[in-house]
């Protein structure tokens, strides 16, 4: 789906989309660290076709990415949530218009240590109890009396990330509200390290990181009232993994799409979204989303072509 | 420029007038270039101050200094935000303390050995080897702390004393080793600067090498040795990558070195690499913490400069 | 004095205190060296499987760690180190000449410069990152480019160059200077023709140590947009870049073990770069010793 | 050396006037008038009056710290290079004020060469050592001849002519010192100052340098500082004896005690301090 | 000093035997037999035979580099501290081999004290300087008396008795040197070795130290190295003259040329090299 109110890029005289033509130039991508592996995978695959186009992928977090994006410093912003009102305003103020593409799905995965035998399924309320600001929960038995008296050590993404925003929104109830005495990192892999190394550890991050580390970690099933559901490609695509499944986005800048190398990259990304998602171990779009994306692409092409 | 002499011998036999002083433009130009080069360092300090002070002032317009300096919770990037810097300062001091406890005995011992016992050849080999320790990139130390030292600690410490995966202890230990060369090299220099005459004097009175080392060399080199400690401590306080990688990024006011914690430098690296929106209060926190760090190291350095100067006065 | 012919000089027996003390000191040295050996051993062991041409021929890859390499980081490092050398060496050496040969140390401003340099030498590198971000990247609008990184690192290591060069200049015997002045040379002639050539080894050592430090620095670059996927070799001063320490940091933070092996291999590569630079310093130093 | 005329001797504080078999100093190369030298506030040398004759060897002797080197360095303004050092009184070079505003100290040093205690060749080739002075004075051509002539005069040519490109540091101490003398000669100076030029040398090398000084004094005015009385006695025509005196405030100042023909200083000194020093009763 | 007996003089290479008015050395404190000293492969001193008499002052003189200090440092095994240094030949201390396997060099140095060229007080208080030796030798009590006695003997007590806690570096050079002598005395040595003890001092301080040596030689055996012939002449009973000789391979080795009663060395030396040195013709 295209972002509200933004223009699709004006058509260029040249036949920008044709793969045969060798392109050159820089494409600056920045933003969500969750989406970064996806964009990086796209960049790597794209490089096989267009070796002279230099795609760089920064990892500033969704918020940091939009900050740069709306400041005109980047061509494409990765986001693990939709752009927010303030960011829309910031972009508008600088005259930056953009498109929005949903490129993959993510299932925010709550993980515990491999040897954690007790926490197989947690309710949203239990998670909220752990993560609310000022929470005094320091031990598992404070969550459920059946749980052992094991110290609870929390790990999670830093405040600059879309993952943090999304998690606090759906679990705690208000975006950005979280207890602060946990080990935050902009880098989700640090969270992996942390939980994998701590018996009473609990953390959350994107599904990819869990898949990559399934041998070291255990994913917790989530009960949002309708029974325990574990994260998987299946549950994320069919929407039963609630409330932690979410779509992932890229926001190409309209002005940049006038540059053939940027347009080529975005077209490549959209056209090969399934392969890219699978390669980067993300959850591909479901058929419905796929249809929307195809529609958006066609619209973009039409705009570019007409 | 006047003619240089030598052409018209004076009637008295003088080989001619000495000629007037010339203005040597080249010499003056050189001087200007040199002064400019020296001033780059001043410009650097000015740049640091200029980049730290305004955001810091703005920060303190929004956050009360009382909260900053006395608050015990550090969560500037959360809702609701908390701006008590003590957990960061505490972690910095704790990790520095661990590092110093490692580095001072090791460094001083190694320096004494090299200066008083080792043959010139041994010294020629081991001093550069120690200096390699100082040249290893700190990323490498951080990696080593996280991937080798922490697992080793987890394997060998008793169950009641299990460190977190990220912990101050491993970071401090490794940082200690990193600053051993600073202590060893500078102390050894200070010891080497103790006049040989003092040693001869002590040996001639029937001292053993140990007594010469402990009773004569160390006291005589003391201010130089202390200055090396101060420099090592400054280095430890300012070290970033080891803590960013190995000590965790969890601000915690804790004295338990087995816990994860965040230092001042760790916070700056974390917040800075997250690329906070310019001009936001969050962004200014980086500068406030940076300014505090700058001040702390400045004070340490002024102390060390004093010590070094006093040390110089002893024999000159 | 036949009365004093008692065997008064005989050995008192082993002094255990002295012996224990000596062993203790030796232990201190041994611990430090053992740590270094362990560290190197660990890194080489862990990175062994990835120490092959892929490391410097391939670009990083998030999809296939087994195919990933550090080409962009290696060349980024070379670019940044090279440019840092071009910036900081002339400035540092000229500054050292001023302080050693021209400055009147009784003047408060010269003493201030000296104190300032000593102080800069101990300022945390992350603070230089703040300087680079605030003044150079954003203030001068140079962005997060090779040039910004090099200027920032130059300022960071400038005190090292100045301090080492001053030592080297000071080590040139006063006799050499006197001889030159005594023959009617001007100040700059004396410096340029006698002092500098004699001080080259010392200055080279200091310079290479400074550049080694620059080569290993990550913290300030972290603030200067270093943590980025870059799959090309920089081609200019305003090009994007990544450097080895940052690439290593990035890989360390990855969760897949294959990346950690890769990080180890890249560490070995970085250490090789640094050890090479240090060896040059030691070679220059040794070759030119015993001059006076 | 000049033909004998009746002597005119200017001495230090006590102004001994004594006959001598040496010529009077009508045309002195240097005239020191009430010269005092200060290092900061410390007056290292006080009130020296003396005149130095052309094409003679004048020796300055006296116990350590009495200011011999200080006075010597004033003569070619090497003291300018010492922070804090300044003079009071006057030094005339022929008729010109050596410290006049107009005078270029660099030109002074070209005219008045200096040889130091420790041989200090530059770490360059023998050739470059000698050529250095002419080069910094702007000479580019005919250097080969200059080098050869200087080495000839310094009695070093035969020993080094086959290895002019060799590093000067590879020479022996005595050769190095002769090289330094050759280097000084190469800028065609009028005067050569020597500060304890043999104290770092062995007896054989010392003898060679002393012989060389004798030869050179036919063409050059030489002033030599030595702590070796025997050396002063052997080589110089005139000797100035300095000592350090403690003033009312307990500070030590160098003073010129006696300046006379060397023969006289060593056989029949006018001042009992000179005598005490010469005979080894003090110093 | 001992009553006069007929002299027995052992000299260096050329074994001059000459009568003297001093006692023969029946009970020498040190006996050097064919002593050579090496620094690595370099033989700095070659084949020295001499005997040092108790409670006398023996002076070692000779040009720079001839090995005087080297020989002196062998006498209390200070050379052990120099890497590479080793001796050949024999040194007896009374009847004992000073370099015997059984001998503890630390004990040797306690017995045979040393005073160095440059006064080297520890940067501690005057009291602690003197007490240092007794302390490292395990003494804890009665230090006040030891300190006072040592300072008395070194003729320094009156000057410092009111400021024993003051830093020794605040003393004048001459006082510092006497302090070093007092420090050596405080460990109750048998012999005191002095290596150019006055060369850093002014004439007044030198006189004081020389007077002190004379007094001390009533109780101690003193060996002094000096480059000042006048000093040797003034203070010593016997003088050994060393020189450096160049051997076939062009290496310089220190040799003992002549060892005799001081009066004789200075008035009627047996060797012409000694005479040359004494009269200033070389050195």
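Read from first to last, the chains carry the letters A, B, C, D and E; within each, the first residue is number 1.
Following the convention adopted for this analysis, a contact is a pair of C-beta atoms (placed from the backbone, for glycine too) under 8 Å apart; a residue touches a chain by one contact, two chains touch by 3 or more.
Here's who's who by UniProt: B = Phosphate transport system permease protein; C = Phosphate transport system permease protein PstA; D, E = Phosphate ABC transporter ATP-binding protein PstB.
Treat the numbers as computed from the prediction; the structure is a model and nothing was measured.
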Original post:
Touching chain A and chain B alike: which chains?
Top reply: C
Original post:
Quick one: which pair of chains has the most contacts?
Top reply: B-C
Subject >> Inter-centroid spacing, chain C versus chain A (mean Cα positions, whole Å) >> reply: 40
Original post:
How many angstrom lie between the CA centroids of chain D and chain E, rounded to a whole number?
Top reply: 36
Subject >> Chain centre separation in whole Å, for chain C relative to chain B (CA means) >> reply: 14
Original post:
Between chain A and chain E, what is the separation of their C-alpha centroids in Å?
Top reply: 86
**OP:** Note the residues in chain A that touch 2 or more other chains, in rising order.
**Re:** 58, 190, 193
Subject >> Contacts with 2+ other chains: residues of chain D >> reply: 107, 110-111
**OP:** Give the residues of chain C that touch two or more other chains, as numbers and ranges in rising order.
**Re:** 186, 225, 227
**OP:** Flag every residue of chain A that touches chain B in the complex, lowest number first.
**Re:** 58, 60-61, 63-64, 67-68, 133, 153, 158-160, 174-178, 180-186, 190, 193-194, 196-198, 201
**OP:** Provide the residue numbers of chain C that touch chain D in the complex, in ascending order.
**Re:** 104, 106, 173, 175-186, 189, 193-194, 197-198, 291-292
Subject >> Residue numbers on chain B that touch chain E, as the complex places them >> reply: 119-120, 195, 197-208, 211, 215-216, 219-220, 314-315
**OP:** Can you check the complex and tell me which residues of chain C touch chain B?
**Re:** 15, 17-18, 21-22, 24-29, 31-33, 35-36, 38-39, 42-43, 46, 90-95, 97-99, 102-103, 112-113, 115-120, 122-131, 133-135, 138-139, 155, 158-159, 162, 186-188, 209, 212-213, 215-219, 222-223, 225, 227, 245, 248-249, 252, 260, 263-264, 267, 270-271, 274-275, 278, 282
Original post:
Which positions of chain D touch chain C when the two form their complex?
Top reply: 76, 78, 81, 83, 106-107, 109-111, 113-114, 116, 118, 120-123, 132-133, 136-137, 169, 180, 183-184, 187
